[in-house]
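Below, each structure is written out as structure tokens.
Common to both upcoming complexes is subunit A, partnered first by subunit B, then by subunit C.
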Partner chain A sequence: MQKYISQQNLTTLLDILIAQGVRVVAPRMNAGTPLYEPLESAGDMVTDQLPRRSAKEAFFPVCEDIMTYEKEGQKVTVTDIDPARFPETLLFGVRPCDASAIPVLDAVFSWDYKDEFFLERRRKTTIVGLACTTADDACFCTAVGLSPSDTKGSDLFLTPLEGGGYACETFSDKGEALINAHSSLFSVPSGAAALPLAEPQTEKFDLKKVKAWLDEHFEDPLWDGAAVRCVGCGACAFVCPACHCFDIVDEGTEKAGTRRKNWDACGFWKFTHHASGHNPRDGQPKRYRNRIMHKFKYYDDKFGQTLCTGCGRCIRVCPVGIDIAGIVEEISKKQE
Partner chain B sequence: MPLTSQPIDTSIYSAITDAIKTEAERILTEGQVTAVVGYAAARRKGSAQPIIITEATDAAKLIFTAACVNNLAVYLTKAKKEVPKSGKIGIVVKGCDLKALTGLMGESQLKREDLYLIGVPCAGVLGSTVQPATGLTTDTIAPKCTECDAHLPTGCDFVPLQTPVTPELEQKYATEIARLEALTPAERWAYWKEQFSKCIKCYACRQVCPFCFCEQCLCDRNKPQMVDTTPRPAGNTAWHIVRAMHLAGRCAGCAECERVCPMDIPLNLLNRKMAKELKELYDHEAGFEVLDKGPLNSYTDKDDQSFIK
Partner chain C sequence: MCDHTNKNIYLPYLTTVEEVIDETPDVRTLRLVFQDEKVRDNFSFRAGQFAEYSAFGAGESTFCIASSPTRAGYIECSFRSVGRVTEELRRLEVGDTMGVRGPYGNSYPVESFYGKNLVFVAGGIALPPLRTLIWNCLDLRDKFGDITIVYGARTEADLVYKHELKEWQERSDVRLVKTVDPGGNGPAWDGSVGFVPTILGEAAPSAENTIALVCGPPIMIKFTLPVLEKLGFTDEQVYTTLENRMKCGLGKCGRCNVGNVYVCKDGPVFTAKQLKEMPMEF
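The block that comes next holds the complex of A and B.
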């Protein structure tokens, strides 16, 4: 289904949904930093900057409670968190590099174990993607086979038009249902030209070649060169739309507490630290190797997909300038 | 204070780059050092990254530009086990970075005779929120550089003969601390609560800090667990307060914690506030001389006793 919506009607639509109690998550400023967060009003939305963290947290929050416990005498009561209480959500204004990561995450969260926390939020969320008109030299979505107008992962996709408003195209029943429920706010396609899209400059990678090299080079001097300067923080994994490792901890007292699920990162030394004291990944190059292997080999082996959408966030935030696009480019050249 | 953005002269950086290359090549060739830690150009336009070289032929890769933001002192600490530390090591240091090395010497982490210091006359580096190819101006300069008192590092083994020209700048931290001090405690608490709410516990602040060299950080312990590890209000607040207190009297303001925070939390404000307290209470400024014991590790009868009531 193809439609047009004006900027004003879009604001009206979001305000109606907020008033109806729908959780509308969209880019907004939080203490000076752009983040995908629930809006109180459509007017708070800021779509001209790539949010610092990806949209994955709409399904996979930084931290979430999964269970609580209480102990009284010898009696222990354990209460599960019920995913049924998660609210209906509209995830709006999602950049293609973020939206396209969500179907990639579906594969791992619905594999041998069905993660109801992720999946229930997925079921209850409609994703509205927004074509991207700004890129910097850290962006490389086109290098991994995506584009600033890629509709992967979006239920409804908006393209900003010359003269204002958006071209709307649906890609699922959820997207059609959203338009049908508010049909008076949408009109027939206007025929106006789309605003010029972003043009990431990185050359396209041959991901098959990259994987072929990775298949044979678990041990290679490249890893030292790439990551001897890595300081071992989790910034790259935490801002990544596709990284999905988590840790589970109990917090509270002997009498009562909560079991929580937190983002984790393979760059941390503790990530593979065994109870015995042994650490099979005993240095940053080995930890960084895992990051690249997971994204361009292991996930492909297991699910036939690449765990990187070229958003460039890890490049922008890395304290020591480790550049995943540069490293993948280097690997491509080695395989020639 | 000019209202509009003014360019800052970085023309000396190209001569400094040449001098660093020549000196690094010389000390590696002569075997005076086993490695040199410096900066090299990176893929993104105008960007730079830390590099550790061990061959004289690689000295040609070294640069100094306004994008050379890192405090390389972190690579000399025991926390960075991947970096070999056999023999004497050369390191490129700005004045602010040198203060960290001075502190580490005082804390018995480094010995002066194991270092070959290549000091950089520095007019300033870029702030973390601008693209690396941006020119250095009064707007794009890193906040720490607005309060710099170490444009010309002293006590180094080699410093290129250049003199940075630096305009008078509004002192970003002093201004912001004054603003926060004028707030009520409730308003100040609201400010920090909002800032800490963004923290995702990536620990980039800890990992780049030259003084976070503990073998095991208190915040990584789970038997017993001292600080909640989850990125929630309690654990986030505890972490940032523990961090600020542990750095009091030690942090000399390289501001790496703030530069690398992916959530833009103004962490160096906490460190600068602590530094201000240390100056007022003990007339102590970190990073200027090698001290066996900092003011918080020692007692004299001149110490302020007014808190005993």
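The block that comes next holds the complex of A and C.
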């Protein structure tokens, strides 16, 4: 389904949904930082900047309660967290580099054992993607086969038009349902040209070649060079739309508390540290190798997908300037 | 098998500590009984599988299920107190409540061992992942040929399951070779003195129609595999279990992988052949 919506009607749509009790998550400023967060009013939305963190939090929060416990004498009572309590959500204004990571994450959270915390949020969320008109030096979505207008992961996709408003295209029943429920706010496609899209400057990687090289080079001097300066802060994983490693911890007192699933990062030394003191990844280069391998080989081996969408966030936040795009480009060139 | 009907895959079963056994000054075994009668009746697992054990308030730890699947009604775990969770688990007394999630992972292909001789090789705290299988096989004794157990630890005090070692030693249908590292023996020690790989070489079990099951610290594995090879074992005849750090046990949290192999899903039981195909990341 293709439609047009004016800027004013879009604001109206979001305000109606907020008034109806739908959790509308969209980019907004929080103390000077753009983040995907629940809106109180459509007017708070800021779509001209890439949020500092990705949209994965809408399904996979930084910190998530998975149960509570209470102790009395020798007895323990455990209370389940019912995923049914998750609210209906509209995830709006999602950049293609963020939206496209969401179906990639579906694979790991739904294979074999089903993680209902992630999956129930997925079922209850409609994703509205927004074509990207701003790119910076760190962006490289085109290098991993995506684009500023990639609709992967979006139920409804908006493209900003010359002269205002958006071209709307649906990609799922959820997207159509959203338009159908508010049809008076949408009109026939205007035929106006799209605003110029962002143009990331990075050379395209050949992902097949990258994987072919990784298949054969678990041991390689490249790893030492790539990550000798890594300080293991984990920031790259936390801002990444596709990283999904987590820890399970109890937070509370001996009497009562909550078991939580918290974000974790393969860059942390303790991530793989055994109780015996042995650590299979006993150095930052080995941990960084795992990061690259997981993104461009292991996830592909297991699920046939790449765990990187080229959003460039890890490049922007790295305190020591590690450039994943540069490293992957180097790998791509090594495999001739 | 796992309760796939439970929507929250992270929710543990509640168990009651039925027995506490001190194996060494810092290794303890807990016998656990499921509180829910239905779970108690239906919980089943295979030798080699592991579980996530929780001390509420401290968190979860990963250990193998150390008891045999042939012994219904309870499970056992053995652990060394080294961190926050295991120290908390050590504080549990008989009657206390503990959480268990599982069973997870693959298992030993026990049925394919029927009619074969078995050689168990273990070092230190690594006996529990083999003990589950040892009892599994001893409880079905007539299905197997000769059973040899080579077990060693640094010192006499570090040997776990001492009461069972005695039992195995006394059985005529088991050959137990127990050893301690040089200097680890007291005056009354009636076993061998030497490192496990050396003692295994001396015991020289025949490789013919035999499966070897090896579990120990990485350094022991490293020196044991060549000994087995010299005895004529092929890599397909040798099994081991890997014990990487885990959190979810469900193939999601992303830390237990060795290359693209997820120990929690593809393992923890691997043949030496599979082990040799993996990158050196364990």
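Methods note: the second predicted complex is superposed on the first by the 336 of 336 C-alpha atoms of A that agree within 3 Å, B and C clash if a C-alpha of one lies under 4 Å from a C-alpha of the other, contacts with A are read in each partner's own complex, and residues count from 1 in each chain.
Here, contacts are C-beta pairs under 8 Å (C-beta built on N, C-alpha and C of every residue); 3 or more make two chains touch, one makes a residue touch a chain.
Computed from a predicted structure; not experimentally measured.
When the two structures are aligned on the shared chain, A:284 is found in touch with subunit B, with no touch to subunit C.
In the overlay built on the shared chain, the residue A:222 is in contact with neither subunit B nor subunit C. Within the superposed three-chain model, A:30 lies in touch with subunit B and out of touch with subunit C [touch as defined at top].
In the superposition on chain A, contact is made by A:319 with subunit B only, not with subunit C.
Touch criterion met: A:249 reaches subunit B and subunit C at once. Of the two partner chains, subunit C is the only one that A:111 touches; subunit B does not reach it. After overlaying the two complexes on the shared chain, residue contacts for A:18 are found with neither subunit B nor subunit C. Touched by subunit B in one complex and by subunit C in the other are residues 247, 249 of subunit A. Within the complex formed with subunit C, the residues of subunit A that make contact are 66-67, 69, 71, 74-76, 78, 80-81, 83, 108-109, 111-117, 218-219, 244-250, 252-255, 257, 259, 261, 264, 266, 271-276, 278, 280-281, 286, 290, 293-294, 297-298, 301-302.
Residue ranges of subunit A in contact with subunit B, taken from their complex: 30-33, 35, 52-53, 62-63, 136-138, 228-235, 237-239, 247, 249, 251, 260, 262-263, 265, 268, 270, 283-285, 315, 317, 319-323, 325-326, 329. Across the complex, subunit A is touched by residues 2, 4, 7-12, 14, 16, 54, 56-61, 80, 82-83, 86, 93, 95-97, 99, 217-218, 243-245, 247-248, 250-260, 262, 265, 279-282 of subunit C. Looking at the complex, you find that subunit B touches subunit A at residues 42-45, 47-52, 70, 74-75, 80-83, 131, 133, 194-195, 197-198, 200-204, 206-208, 220, 222, 228-232, 235, 256, 259-260, 262-264.
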